[in-house]
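Every chain is named by a letter (A, B and C) in the order it is written, and numbering of its residues begins at 1.
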Amino acid sequence: MSPLPSEWRPEAAAIEAVVMVATEPVSSQLLSELLEVSVERIEELCAVMSQAYEEEERGFELAHIAGGYRFQSHPAYHGYVERFILDEVPSRLSPAALETLAIVAYKQPISRAQIAQIRGVNADGVIRLLTQRGYVEMVGRDEGPGQAILFGTSQTFLERLGLESIGNLPPLETFVPDVSTVELLEQALRPGPEV
Amino acid sequence: MSPLPSEWRPEAAAIEAVVMVATEPVSSQLLSELLEVSVERIEELCAVMSQAYEEEERGFELAHIAGGYRFQSHPAYHGYVERFILDEVPSRLSPAALETLAIVAYKQPISRAQIAQIRGVNADGVIRLLTQRGYVEMVGRDEGPGQAILFGTSQTFLERLGLESIGNLPPLETFVPDVSTVELLEQALRPGPEV
Amino acid sequence: MAFAVHLDVYDGPFNLLLQLISVEEVDVYQVSLSKIVDAFLAELKKLEQLDLELATEFLLIAATLVELKCRRLLPGNDDLEIDDDLSLFEARDYLLARLVECKTFSEAANELAGLESMAARSAARRSGPDERFDSVAPDLLAKISPQILCEVARRVLADRPIPVVATGHIHEDEITVAETLDLLVGILPSKGRATLRELCLGDLSKVRFVATFLAVLELYKREMVEFEQAENFSELVIIWTAELRDHLLVDVDNYDDSAALGAR
């Protein structure tokens, strides 16, 4: 039985809704602005909600991390989550994901629509995967109407590719692949278990 | 008070944990493998959980969409959530695009030529737009001469429309004009008095 | 914004006109399509920019009007053979089926739009596994080198060739208007008069017919022939009237960029 007073429900639900769809921890400051209540009130609400989830033995918890709140899986169910990740998360990039990553790397900052235009098909799912794995991140917003999110490659991306900066990528124009690269490329593009 | 029997809690919590980390709807098949219970059991659990969230007036819901389960914000809290959505809100489809989308949805798999025949005009531009937006994708090739590309609706289409599967669309017959409208049309086409 | 028309027989919104014709309140014969089109174009010019919705709606209604008028202008049943009569019915049924189908899908489109705007009120959770699971998730970039990435980018970003539909396999009849004209100028002066059918030289293909017809019009434009037709729909007779034949055959428009009508 939840210790959350029922008259707190609407505020608690608003927090649940926002934190559920946020991709980064949401600060109490931001929640306070959204709900138009004090920061103290937000913290009180979150503490009680978090305790309630624990008591209700939910599979998720409301964690206070990096100065904000986020939903995450409960440690008690890590076994299921790990198996899910191993089963579901591909072990290598699909050709579509590799193409999209290449476009972002060379054309950043770039919007979803521009990527879709180059590839000829919608790239939302692939961008989501790349963002989620931390290879690609939001780097700004377009100034035009709609203020589209602009994407670029991340520090993680540079580290994994052993690059000091994005300027160290081979230039597009002069590159002629040698035999071993072509082989590697073919391997990378060969169909297999993937996204 | 949740209608979920307390002995169901561990299974429900495992589902909560897995769905919480998923970025795409998780199929009952996959959940059944992870939890080592039948697909029917998963569907029963999810239905009851989903109802419980609703009754507890949570800010999120467990939705059955595009062949799987996912957490999403409750529509009642749309106002709070808007600014947190990383996916940009796609601009509205034009009437022409919507009509083409309806044709693809109900007649899939379907070729460009077949779409053009129903619409009475060339549909290439509209199909390109729908493909870029991710609503429509190539699903195969016609076996006949020319091997025309066949189009169908995508996973994204189901997600954007909040549908569990394409079978959940209302039957096309629902939209056939009623008898009096057809009569009116028929009358309009009747040849008049001779020249 | 609705477009209104002002005609002798009708004065009011354009879309209502179609409805009134449908229920035979307004006689479609009395409706001048050209006047409507002129008025619409004048209306469009007043607008600062093209209103696509309005233009589309206009085109749809105007096309339906043309269709209606064509249907009603068809000769009455007395003049028709049984087969023609049947095909007329078939054409009507076909048109009706088309209209019903269009209406059905436009209703279905409304439904899809409704579903979409309802679904847009919920946002999906997309954040994925948090950093606690980093060690579980494989490094997807393990086998990717900067060279591979560059090669992929080069391929994807290369200017894609503009898709061209290969037409090499389509047979082209090499009949041009200029050639036909040349031919007619060879035949007509000696014959004096001939029917269009005769001028087609027994070749009743569509291409030959169109080329001959255009060539005849060209001659008429240059005042080298006259036409005679006993009554509506009877055979057209072409009469050679020119004195000289040395001032033509320059600047003949082939009505086709590639000079061949055959591919049409």
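Simple rule for what comes next: contacts are C-beta pairs under 8 Å (C-beta built on N, C-alpha and C of every residue); 3 or more make two chains touch, one makes a residue touch a chain.
Keep in mind it's a predicted model, so treat the numbers as computed, not measured.
Among the remaining chains, A is positioned farthest from chain C, on the basis of C-alpha centroids. Averaging Cα coordinates per chain and for the whole protein, the chain whose average falls nearest the overall one is B. Chain B and chain C have Cα centroids lying 34 Å from one another.
Separating the centre of chain A from that of chain B, both taken as means of CA atoms, is a distance of 24 Å.
Remark: chain A and chain C have CA centroids separated by 48 Å (rounded to whole angstrom). Chain A has residues 20-23, 71-73, 78, 81, 85, 128, 132 in contact with two or more other chains.
In chain C, 123-130, 133 are the positions where the chain touches two or more neighbouring chains simultaneously.
Within the complex formed with chain C, the chain A residues making contact are 20-24, 70-73, 78, 81-82, 85-86, 89-93, 97-99, 101-103, 105-107, 118-119, 128, 132-133, 135, 157, 160-163, 168-172, 175, 177, 181-182, 184-185, 187-188. In the complex of the two chains, the chain A residues touching chain B come out as 1-2, 9-10, 12-18, 20-23, 26, 34-35, 56-60, 71-74, 76-78, 80-81, 83-85, 87-88, 112-113, 116-117, 120-122, 124-125, 128-129, 131-132, 138, 146, 148-149. Within the complex formed with chain B, the residues of chain C that make contact are 21-24, 28-29, 56, 68, 71-79, 88, 92, 95-96, 98-113, 115-116, 118-130, 133.
Those residues of chain C that touch chain A in the complex are listed here as 123-130, 132-133, 136-154, 156-157.
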